[in-house]
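Okay, so chain A shows up in both of these, paired with chain B first and chain C after.
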Partner chain A sequence: MKKQQQLYKGSLNTIIMKLLEQNGKMYGYEITQKVKEITAGEMNITEGALYPALHKMEAEGFLDVEMDRVDGRIRKYYKLTENGVKETASRMEELENFIRNMQTIVSPNLKPSF
Partner chain B sequence: MKLTTEQIQQVDQKLIDFGFTFMDIRIEILDHILCLIETKENLDFKQALDTVFEEQKDYLKTQKLTQWSNVISQRVSLLKDIFLNPVFIFLWILSYFIYDNLPYSNHNLLLEDLDVIPMAIPILSFVFLGLYTFVSKKKLQVLMVRYLP
Partner chain C sequence: MKLTTEQIQIIETALNDKCNFKDFDDVRIELVDHIATEIEQELETNTNSFEQAFVKVMTRWNPMILPRTWSRYENVPFMVSKLWKRLDWKFQFSTIPLAALFSYIGFQLQEKDISIYLYLLPFLTVGIVSNGYLIYRKITNKVNSTLSMYSLQKIYQKTFVMLAFIVMNIFFFTAGIEKSIIPVFWPTIYISLLMMGKAWIMHKHLKIENQLLKVM
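Take a look at the complex of A and B:
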């Protein structure tokens, strides 16, 4: 499982941006739970990886922040900016190319479905 | 489990005691910790609180160490937005041009009436652009929102 986590490491930002594109605004804990749900527990984003990634993307202008009072505390929601939407499309294309190339290496006779 | 106001305050105080000084950093960590506590349905609040803090101690220690650098980088980013704003840079250049070309005899006399103009333009532009940047980036939300009822 640990070796698999290393493989996911480089695509963390792309995964976060894709989730935000699909779900509008999300908060940190919600992102970790969504990833766990989608991957049936195979991928586990730790707080130590997630929040620095979110803050970095916010500083780069890809994410915007919204505060809301929920259940007696303040919750910080993240959503994509206009630049973030463009960047997500660009990163998804890169990731798809990567997956296609890896698929060719791993199973040369198998054609990827996308 | 649904947490009461007093329980939320207790968790917040525990984070303050842990060393989280800055509210804008602590807000997010508090929400995350509370979400984790809320999932511990088979434990009472005190047990859930201790369990979550134990599980998250490495993360909390790292965050406590980096909170200063996080806050400084946020403040620097805000200042960059002001000082690297093209309008602000234009007004600084305009001020220098006015100062250099005004028709008075001694450039060093600060109390000459016309000397106020090249000082007033950058000062006023800094104030207005600073306010605009601050409000437009929603930084005000962090200060204005009271997270404890």
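Take a look at the complex of A and C:
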């Protein structure tokens, strides 16, 4: 499981961007829970990795923030900027190529579905 | 079970007092929300008391947020210092070769009898304007974000250094000893570019401060 987490690490930003593309705007806790839910607990994004990644992408101009008052506290939502949308498309393409190549190496007879 | 205002205040106080989050409004409010949500989950699933759940959740968070004593940014929460170090590579260290390149171009122009002061003037203008903007923001800012604090750290010391180099340049210029400018040429360009970069980060992320002002 730990080794698997290492494999996911390189794709963390892409995963976050893809989730934001699908869901519009999300907050930190929601992102961790969504990933857990989609992967049936197989993948766990730690807060120690999530927030530095979010802050870095925010500083780079890929993410925009929105703040709202919820349950007596302020909630910070992230959403993709125009640049972020373009970057997501490019990163997804890279990731799909990577998966395709890995699949060709690991099981040459199996055709990828995308 | 939703937390009360007092319980949320306890989380905020812990983040301010133990982790030095008081100057980083944007990250602090984000962590208060995340930790509060985790504690609420903990209370729902494990029927612990608030105190027990608070200790459990904070213990898990501590390594990610407590300032590290051996870090370049000693009193800055670990999560923030991580981002600042990345920004250092982008804005502080990458400016070194860039300033060296501009200095080299300046010396080449000098050999073609183009005044080095004339070449330096646009850099100084940009540096002074950027510095003025940063000082203005430092005085008028009502809230602080991670990026504004990065742009404004040690701003008065940097302003002093920049002014010292400007005075040196004016001295060499008025004394008419153009060759003596060489030792102060590169640092003047470097600090001007640095100010420009920091002012750019500050301006680009003003939106975060405006959002914070609305909700705080």
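General remarks:
Note that the second predicted complex is superposed on the first by the 114 of 114 C-alpha atoms of A that agree within 3 Å, B and C clash if a C-alpha of one lies under 4 Å from a C-alpha of the other, contacts with A are read in each partner's own complex, and residues count from 1 in each chain.
Just so we're on the same page, a residue touches a chain if its C-beta (ideal position, glycine included) is under 8 Å from a C-beta of that chain, and two chains touch if they have at least 3 such contacts.
Predicted, not measured: the structure shown is a model, and the values here were computed from it.
With the two structures aligned on chain A, chain B clashes with chain C. After overlaying the two complexes on the shared chain, residue contacts for A:48 are found with chain B and with chain C alike. Shared-chain residue A:28: touches chain B and chain C both. By the touch criterion defined above, A:72 lies against chain B and chain C together after alignment on the C-alpha atoms of chain A. Clashing C-alpha atoms with chain B appear in just one stretch of chain C from the list 75-83, 93-101, 165-173 or 183-191: 75-83.
Residues 27-29, 47-48, 51, 55, 59, 64-67, 69, 71-76 of chain A contact both chain B in one complex and chain C in the other. Chain B makes touch with chain A in their complex at residues 2-5, 8, 27-28, 30-32, 34-36, 56, 58-59, 62-63, 70, 73-74, 77, 138, 141-142, 145, 147, 149. Considering their complex, residues 27-29, 47-48, 51-52, 55-56, 59, 61, 64-76 of chain A touch chain C. Residues 27-29, 46-48, 51, 55, 59, 64-67, 69, 71-76 of chain A are the ones touching chain B in the complex. Contact residues on chain C toward chain A in their complex (touch as defined above): 2-5, 8, 26-27, 29-34, 36-38, 61, 63-64, 79, 82-83, 86-87, 146-147, 201, 204-205, 207-208, 211-212, 214-216.
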